[in-house]
Amino acid sequence: MNQVGATIKASRMVYLSSIVLLCLWILGPLYLLAVNALSSPETINQFPMSLIPEFDLESLIFFLKFNGMIDALINSIMVAILTMIFSIGLGAPAGYALSRFDFIGKEFFRVMILMTRAFPLPLLALPLAVLFIETGLDDTQIGLSLIHTTLALPFAILITFSLFSGIPRELEEAAWTLGCTRFGAFRCVVLPLILPGITASAIFAFVISWNEVFASAVLTIQNRTLTAFLLQNLDTAPLHLKFAGGFILVIPALIFIFAVRKYLFAMWGISNR
Amino acid sequence: MAEISIRNISKRFDTYEALTDINLDILDQEFMVLLGASGCGKTTLLRIIAGLETASSGEVWIGDRRVDHLPAKDRGISMVFQNYAIFPHLTVADNIGFGLKMAKMDATTMADRIQENAELMHIEQLLSRYSGELSGGQRQRVAVARALAMEPDVILMDEPLSNLDALLRLEMRAELKGVLQRSNTTAIYVTHDQVEAMSLADRVSVMDSGKIVQAADPMELYRSPATHFVAGFIGNPPMNFLKAQLTQSNVWNVAGIEYQGPNTASGDLLCAIRPEDVTLSPTGLPAKILMIEPLGPHLLVTTSIADTAFRAILDLDSHVQVGDQIFLKPILERIRWFDPSSKLAVHA
Amino acid sequence: MWSQNKQLPYVLIAPASLFLAVFFLYPFLSVITQAFEHSSSDGYSLKNFQDVFSHWKFSISLENTLLLTAAVVPVQLALALLMATMVNGMTKGRDFVLYIWTIPLGISDLAAGIVWLVIFEQTGFLNSLMMSLGLISQPTPLLTYQNPMMIFVAIALAEIWRATAIMLVILVAGIGLIPKEYYEAASVFGASRWQQFLKVTLPLLRPSLQTALILRVILAFEVFAVVAALGGTLFPVLMGETYTYQFDLLNSGAAAAIALVILGLSIAFTLLILRVLRVPKGVSI
């Protein structure tokens, strides 16, 4: 009996410590980044590095004051917001159609959506760059957000499809028998119920845009986003600038993933279908 | 006046014919039950009357209005769904008052109406709760209250009791019957449970494979089923069928015993006898007992008569055992006859 | 009422379809045609491909990309499977642990590169650690051309750290679909935990494994910002070369040619994975 108990306890210890180790593996590097970002430039260039942050905001302040940085931040935010609006605005109706109706071309449409995820999407930026120059969209927030929307749209469609499918048709039908028009039933019954999910997918679209590097770098010159700015300054920028920039890139992600964590598995799990 | 007239309704899904030329007239304030097995088309018919499906052809009339091209909200109907369809984001009170709000009723009348219908369904203490906090039975009451609050001409119900457990179903059935009798609404109720149909209905329409097989009041269905299908569907345990051969005109040989029957030319008929219409007696149909199931108030005895399974309901104190050879005597007026090829009742 | 308005579904998918036609189909076809058009001649030719293939950097970047993928993806698959199985057995704290393990999903590949730069930089934490352990006496530059192995390791680590969560989420969702009854039945019939993993979990996880692998492999061929942050020009990869051709050398044709190479690799491996991990018809949970 004791031996069995001891083995079980030992394997449980291994199990638990592996989990803790893996958590540290994820959080560790982020902590180290935070340490650097919250230290003064001198400390960063010192050696050896201390594990405890100074909570000196000098690096961050230097970063924000760096020429064009605030603009880059604003650009990133604006492009992400536009991406959010476009991808939900285009994606939600399509998701509703896929979940509620059977129509000719439905399978084809679904396959097309899945196929777009198979293609290295940042490469689309190349020919679109030319198109944008011709139409004056080059180097604009709208232009870049359109490309980011192409990245985010398949997700938006699949996520809203899953959300709408979770709402029984009978709820809409009940609303119709109680005096609602088609759109009225959608507004009064479906919308309130999927609002949390739609918000989550909007945030997801925001994050996709916020993090995107390749297309942003290719398409923006004067109106760079944060990612483009950092990329283009990788060779020349001093260390504390890179670290502060990385830190600012990461913080929203932490908050966002926390906000949408309930929906993450619904969202990514859909890729199984 | 809310009588309903269904004229030549047919419904096709791609190549599948769900309803074929349905004709039915329902009287004002009548409680009509559509009864049948899964897939017979009863729910499709109900949804066509409601306006949730469009028929492939035919007309639906409610009162003196033709409604089959109108959306559900303009037909003067109210519906109770099988899974209740209670709006999860609204309180019970807001659920009951949903249709009233859509009709832009003023707040005081609406509040009164909500209270009235909540009391009717004994849920007035749940008005501020949400559906997630309610049991299945409570949700069902909310669904009924919500439909009744509209004071509709017609109330449609799609198997509203089928998701409740047995005891609750029994209670709700009685309650529903009382509530609907007192209201002035025509009701159409869909179910696969023939006990429910028999106990609730003024009239029952038995459906099979997209057609109405017989529409009549429950007793007539029970006593005089029009087809083999109805005979076997109504009544639990179902009617027994034995082969009968014509010996002389009007006289038929059933498992060796002769009974008076119809006067027909063909030589074969099916003789139908209900399990409860036979008694243990010294003479009658020879039956070998295969199984005895004590069912509380009586015994359900499965026997073999002329190599055909025959169920009988006998008194608890019949002293019988498995393997016994007994004789079952049917009540003569209750014997029914069916043509084996057309499956229709043949009258003596 | 669902079938009343036959045009409604088409009206609803029209905006998204139109959008994708313009912003996906058009550039997709455009990249294909651009790859075959060269400034030196009219009409279509393979000159872009010849230019690109003959450049010394191409074979290196191709090799690097494939090597990185081959090193990183199997490790991530095993790690993700391990993490997914571990999390499946958790009750308390499951949400918290999952949140932490999925944080990298929200982190840009550029940020991931910078995060690991913090560790590998000359005055970074790895050097500090080695100093405090007495292994070295002064900070040694780690990410230089003298240490190609080091650069590779740094990039591989950063990628494993960043992108395992992508596979993890798909696998967790897939494991969640497997009804507990299958494990119970297996254990009743005498299967150990490991056997249950091999005979119940893995086979039923096939569709998810397929999806996770395909997605990860395609993303691996696109690796760009992590490499830029940690290796700069010292570790050429295909995507980086595309960027250089397009942006620095202003040679769209060559950029398009490499883009097609990446696309070709993606398609080839997708088909390979689909074949190797194919799910027999009729098999479902």
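In this document, chain identifiers A, B and C correspond to the written order of the chains, with residue numbering beginning at 1 in each.
Throughout what follows, a contact is a pair of C-beta atoms (placed from the backbone, for glycine too) under 8 Å apart; a residue touches a chain by one contact, two chains touch by 3 or more.
Not measured: the values here are computed from a predicted model.
Note on connectivity: the fewest chain-to-chain touch steps from chain A to chain C number 1. The greatest number of inter-chain C-beta pairs in contact is found between A-C. Remark: the per-chain Cα centre closest to the mean position of all protein Cα atoms belongs to A.
The chain with its Cα centroid farthest from the Cα centroid of chain A is B.
Once the centre of each chain is set as its mean CA position, chain A and chain C turn out to be 16 Å apart. If you average the CA atoms of chain B and of chain C, the two centres end up 59 Å from each other.
Chain B has its Cα centroid 55 Å from the Cα centroid of chain A.
Among all residues of chain C, those that touch two or more other chains are 1-2.
Taken residue by residue, chain B touches two or more other chains at 51-52, 71-72, whereas all remaining positions touch fewer.
Residue positions of chain A touching 2 or more other chains: 173, 176. Those residues of chain C whose C-beta lies close enough to touch chain A in the complex are 1-2, 6, 8-10, 12-13, 15-17, 19-20, 23-24, 26-28, 30-31, 34, 83, 86, 89-90, 95, 97-111, 114-119, 121, 123-125, 127-128, 131-132, 139, 161, 166, 169-170, 172-174, 176-177, 207-208, 211, 214-215, 218, 221-222, 224-225, 228-229, 232, 239, 242-243, 246-247, 252, 255-256, 259, 262-263, 266-267, 270.
The part of chain A that touches chain B in the complex is made up of residues 168, 170-171, 173-181, 184, 189, 192-193. The touching residues of chain B, when paired with chain A in their complex, are 50-52, 71-73, 77-79, 81-83, 85, 87-89, 98-99, 102-103, 146-147, 150. Taken together, the chain A residues at the contact with chain C in this complex read 15, 18-19, 22-23, 25-27, 29-30, 32-33, 36, 44-49, 51, 89-91, 93-94, 96-98, 100-101, 103, 105-106, 109, 112, 116-120, 122-131, 146-147, 149-150, 153, 157, 169, 173, 176, 182, 207, 210-214, 217-218, 227, 230-231, 234-235, 239, 242-243, 245-246, 249-250, 252-254, 256-258, 261, 264-265, 268-269, 271-272.
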